[in-house]
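The two complexes that follow have subunit A in common; it is paired with subunit B in the first and with subunit C in the second.
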Partner chain A sequence: MSSNRAARLGEEIWKTRIDKVSAELVTLTYGTIVAQLCKDFDNDYIEVNKQLDRMGYNIGLRLIEDFLAKSNTMKRCSNFRETAEMIAKVGFKIFLNITPMVTNWTNDNKQFSLVFEENPLADFVELPDDGRAQDELWFSNIFCGVLRGALEMVQMQVEAHFISDILRGNDTTEMRVSLIRYIDDELPPEDD
Partner chain B sequence: MIRICTEFALSGLLPSVLKEHFKSICDKEARTLTLLLTYTHTSHFTPFISACCIDKLTSFESRPDAGHLSAAQHQKAESHTSIHATIKLIASTTIAIVNMTVFTLIIINKAGGLIYNRTFQEGGLNKLSTNDYLVLAGTFHGVHAITTRLNPLKQSLSSPPSRSSIPPSSTTTGATSSTVPSRPEPPSGLEVLESENFRMQCFQTMTGTKFLLFTDTTQANVDLTIRRIYDLYCDYVMKNPFYQLEMPVRCDMFDRKLLSYVREINNR
Partner chain C sequence: MATIVPSIACLGVIGRNNNPLHLTILPSYNPSSASAITSDPEKQQQPATTISASTTASSAATGASPLRTPLQFSLLLSSTLDIFELRARAHAASGTGALSGDLGLLCAVDERLACYGYETNTGVRFVAVVDMRGRLLDPTLPSTTLIHGAIPETDRSSGGGAGNTGAAGGGAGTGTGTTGDDTSGLVNLPSLPPLSGIGILSPTSSSTTVTTSSSFIPGTSSRKPSLVASIASASTGLRDAELKPLFKAMQTSWVRLLQNPFFDLDEHVLPGGRGGRKITSKKFGEDMRRLGMGWIPGVGGFEGF
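What follows is the complex of A and B.
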């Protein structure tokens, strides 16, 4: 599916098939969760990152069905570039009404970056000023888990992590997504 | 009556063979009625015809030349009223059974386990034991998996080019879309199974879950029905935080929404 078609599809679903809630509700709920995790794990931000990723993973496993049903997807993406377009222009669009930019492809077409120009999860947020959060906490790390879980359900094993975050003082918020392999559970063809 | 029956016959509700048949005999009233009775037993168009029969027969009785029909029928030792009663009986029973019915829904998880089964129409299909449903689910899963491999032509055409495109893409420096390793569409497996009494349609989601819907053979728009059921499943099963993935579905809300949706179809 071309980039434009994906964008149009995302736009159309967003307009016609999505129930909307207040963005602030989402922002506040997510912020509370992260803050509570930080409290529960005594500001062990590495552990908080892990927990967020795990929560996202569990969301992704379920969310993918909703994505497939809403987008009425009948064919799977024929390559990873198409997958990236679908994630950015349909997935993020229909669930969060944002369209991160797909960029920085590697030559083997197995790794790309999502650059978030806006991020509803991070509105109003300032990271704790304890000298560590700025270096260790990936506030929106739940996204990584969601992508990992959702793609795993459609037979793609990926790895996703943030490499920069405006909250940390970087210029952009950028996530790196790498395809590890396609999980094809069919038996390999028998050789005679 | 003949005119209206013929109209029915010609309006496309009956197969063309029957149309011809109707044309040739439409000058004999009594025979038309008998014929209709015969078709009532055999054709898919039962509801239309029987409804038409009742209607027209009622109006026919009030017509002055009604005696003509009765006389003809008397020759066959059948009374007018008994025909009337028979038609009414057939009409009422067949309308109940044949009128576009969704019988049963089965959901199979990606490992081939039965996670949901529900029968909507009592008396539509014989009830199976839970064990039989489990076997049916497992067997269908296996058969479906094998049928996806019955696709040698598509496989052999699409795999070699995609394989050969991977090595160059890793060596070339300029990444262009032409060197993107492609992932061919997987061959689809068994989708529809039909018997004299029911039609079973399978819808497999991209995640590997299968929805099997048993309907009447004349049911229309089964695709849409299954998609709608998939929507309900997404909302009321997948989004229920206490539903464990891949486990049997025990969600009251899903049951209720599904029942009311299917009832709407069955009563249409």
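What follows is the complex of A and C.
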């Protein structure tokens, strides 16, 4: 599916089939979760990143069903590039109404970057000024988990992590996604 | 020719427990130091709470420096607390119930400084200390190069050119000596020293001033603070409504601060909280500085607020 068609599809689903919710609700809820995690783990930001990733993973496992139902695409993506387009132009579009830019492909087409020009999760956020949060906390790390969980359900094992964040003072918010392998449909062991 | 118009000397945010949350002190135009800028190290040494180094440098070059020390401004803010409380009590007594929010002029300190206030229903108070002769508007310069100091270009849309701001100053109706005398006859006040150096170039300014001051007095001559209010507004013609965009913008900035999940309410505004901490957010401080620098009487809203 070409990039344009994906964009059109995302736009159409967003307009017709999606229930909208207040952006503040999302922003404040997510912000509270992260802040509470930071408190609960005594500002162990590495651990907070892990927890966010795990929460995202659990969301992703469920969200993919919703995504497939709403996007009405019965066809599998034929390659990883197509998958990337679908994630950016349909997935992020229908759930968050943003379209991150897909860029920085490696030559083997197995790694790309999602560059977020806007990020509803991080509106109004300023990281704590304790000298460590700026270096350790990935505020929007839940996204990584969501992608990992969702793609795992469609037989793709990926690894995702942020490499820069505007909240930390970087110029862009960029997430690196790399395909590890396609998971073959394995038969349950007892069927052997 | 240049015109001197009011500017913000200091912006303060006070919590509901009368705890100071934030203080931004801004430089004022100072005619004496403008002519002899280079030497006066003592004046420049006054630490300006949230003024960035670049601003202090540029303001030194243009002869602008804070009118008072941070301690004096802090005391000034403290003294407004009583007035806030008096107003609240007056509101409660008159049965109007909820606060009106915008409290207008709180007190006139001297012929240059006046405090204006705004209180939200949660008890957070914003105070703007206005310097009635704080800024030199030079119509020959583009509006972004006001003598007041470096104003980021993003503060104002480019439409607010020099001619525009000059007209706005006329709308503000900076009072002349004669109008001041008229009003002092009305309310029988000790005569104020005429504000030398304040004058509007536009020939229509005097009529504007008359309507401004006369419309102001009847509504506010009932209480004692309002008496002071009519003095200041009669002598300067700064209407409460002209501070409104500023307070609205300050409130917007405050709301944004509250939406930051890492901003700990407990340390600042909660009644039973640990309290006593000042706001450390850089963004909020920067916002306050930008608003204070960008405010020109009569010129509407702020971009992005």
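One rule holds in what follows: the second predicted complex is superposed on the first by the 185 of 192 C-alpha atoms of A that agree within 3 Å, B and C clash if a C-alpha of one lies under 4 Å from a C-alpha of the other, contacts with A are read in each partner's own complex, and residues count from 1 in each chain.
Keep in mind that, in the parts below, contacts are C-beta pairs under 8 Å (C-beta built on N, C-alpha and C of every residue); 3 or more make two chains touch, one makes a residue touch a chain.
None of these values were measured; they are calculated from a predicted model.
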By the touch definition at the top of the document, which applies to A:Q134: first (subunit B), second (subunit C), both, or neither?
neither
Partner chain(s) touched by A:E65 [first = subunit B, second = subunit C, both, neither]
first
Considering only touches as defined above, state whether A:V34 meets subunit B (first), subunit C (second), both or neither.
second
May I ask you to name which of subunit B and subunit C touches more residues of subunit A?
B
Tell me the contact category for A:S3 with respect to subunit B and subunit C: first, second, both or neither.
neither
Once chain A of both complexes is superposed, is A:Q111 in touch with subunit B (first), subunit C (second), both, or neither?
neither
Using the superposition on chain A described above, determine whether A:S178 touches subunit B (first), subunit C (second), both, or neither.
neither
Report the residues of subunit A in contact with subunit B in the complex, numbered from low to high.
61-66, 68-70, 72-73, 75-81, 105-109, 153-154, 182, 186
Residues of subunit B defined as touching subunit A within the complex
149, 169-170, 172-175, 177, 179-186, 205-207, 209, 227, 230-231, 233-235, 238-239, 245
Of all residues in subunit A, which touch subunit C in the complex?
24, 27-28, 30-32, 34-35, 38, 123-129, 133
What does subunit C use to touch subunit A in their complex?
256-257, 259-263, 280-283
